[in-house]
């Protein structure tokens, strides 16, 4: 499953050095992930369907290759790069004008509420469902 | 009811002009409001107690008097300035080094879920409860 | 001068009540303003042309009419509603699926650095320039 | 060099699952770094002293161990964990009530503007200067 989303970088996304304040890059990565889920009903529909409180994060990382500025059009490509029994790994690439500006990775779990607390649920049913969309 | 809270302005709160990006000021106003509620148990406790989905906004405004920069200590004073039957008005003043940098106002309702949708609930019970804390 | 911009509301823009955290609405208003300026070269080009450190805010306000949630497409229309000698007023309307979700206003100045500090410059030259784009 | 900073988690920092939206954790990491620099004059003073446009990021990562919610007090400890010739590595630990909620790492460079573009400057002078503060 994959998706490409474009964001218009704005003045307020940038810091006193005139370049994007880096936590915004994680914000756009997360937004791209949620955008990718829309073809399958979106995050809240999926959570309801699979008895989850959220497709939450256990790890996030990014490597910044080039700066981004106000008025840049940032194109993010997100894809599910790997499924394990209880984690899925997302791979991100951000480009401006054909140049890679960052790469990123997120590891997420399908968190479920149980009598003994929050646990990471088995992913096989979610994987089958998402792969059925063929995107 | 009132509260004074101090925020350390950081690099990432500022824009390419080197001054605070103004939506952050509303973020700090909202955070000051939630900080004020903590003496009474905090927002989620109050929502549960009064059958509300949230003390949400209907109006927000701010007047910017002076700029703020990285490393400034911003002190916000929030108080409930006015109660009407179904709205409460918050008044905010922000200061850096004794100089007023902004004033702000929020109008909020105690939103409740009903069979016919979300409505603004009567505020008298919440007012009595909050005023019992004498702060 | 006017512009219409669409934003995809995402999970991370929303608060524990599941609705948009309101400071984000001001962030999108500001982003719409900067998007509108792009036809005229964008904010930094205009600042350079008119000897300004920024088209900064003196007042901002919004009236919230309806809630927005993850997966909503928010369309913001911004226009310059009024010019005075040293202030310009922006008017904003936000819609989701044809329903108005908020209205907003910003008052901005063309700030210039002088020997005696930052002052609000005369707007006539900027007005003539922006109106020449006929959008 | 190290610093411990405390942040009051607020309602607006949290997402529809009621837990902190993770890009905010990177925002607080960055704010802790800038807070640490204040004993040495702060980021802009250091940039001026060492001819830099900014102590910018090349890598950022975090491992999320436990959730954080509105009203939690988050204590972040940041320290410079490693110096190489042209990169410095920051190590972060976040705690709520004595429990580790996340760990994080940032790799930063002292970016300088040259005739051929932005380059990562030598760090030895900055290291000597920061270590002279003995904190």
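Letters A, B, C and D name the chains as they come in the text, with residue numbers starting at 1 for each one.
Assume a residue touches a chain if its C-beta (ideal position, glycine included) is under 8 Å from a C-beta of that chain, and two chains touch if they have at least 3 such contacts.
Fair warning: this is a prediction, and the values are worked out from it, not measured in the lab.
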item: Which of A-B and A-D has more C-beta contact pairs; value: A-D
item: Most distant chain from subunit B by Cα centroid; value: A
item: Averaged-CA centre spacing for the pair subunit D and subunit A, given as whole angstrom; value: 23
item: Mean-CA-position distance for subunit B and subunit A (Å); value: 31
item: Subunit C: positions in contact with at least two other chains; value: 11-12, 15-17, 21, 23, 27, 30, 44, 70
item: Residues of subunit C that touch subunit B when the two form their complex; value: 15-17, 19, 21-24, 26-27, 30, 44, 53-54, 56-64, 67, 118
item: Subunit A contact footprint on subunit B (complex, rising order); value: 11-12, 14-18, 21, 23, 70
item: Parts of subunit A lying in touch with subunit C, wherever the complex brings them together; value: 5, 8, 10-12, 27, 30-31, 34-35, 38, 42-44, 70-71
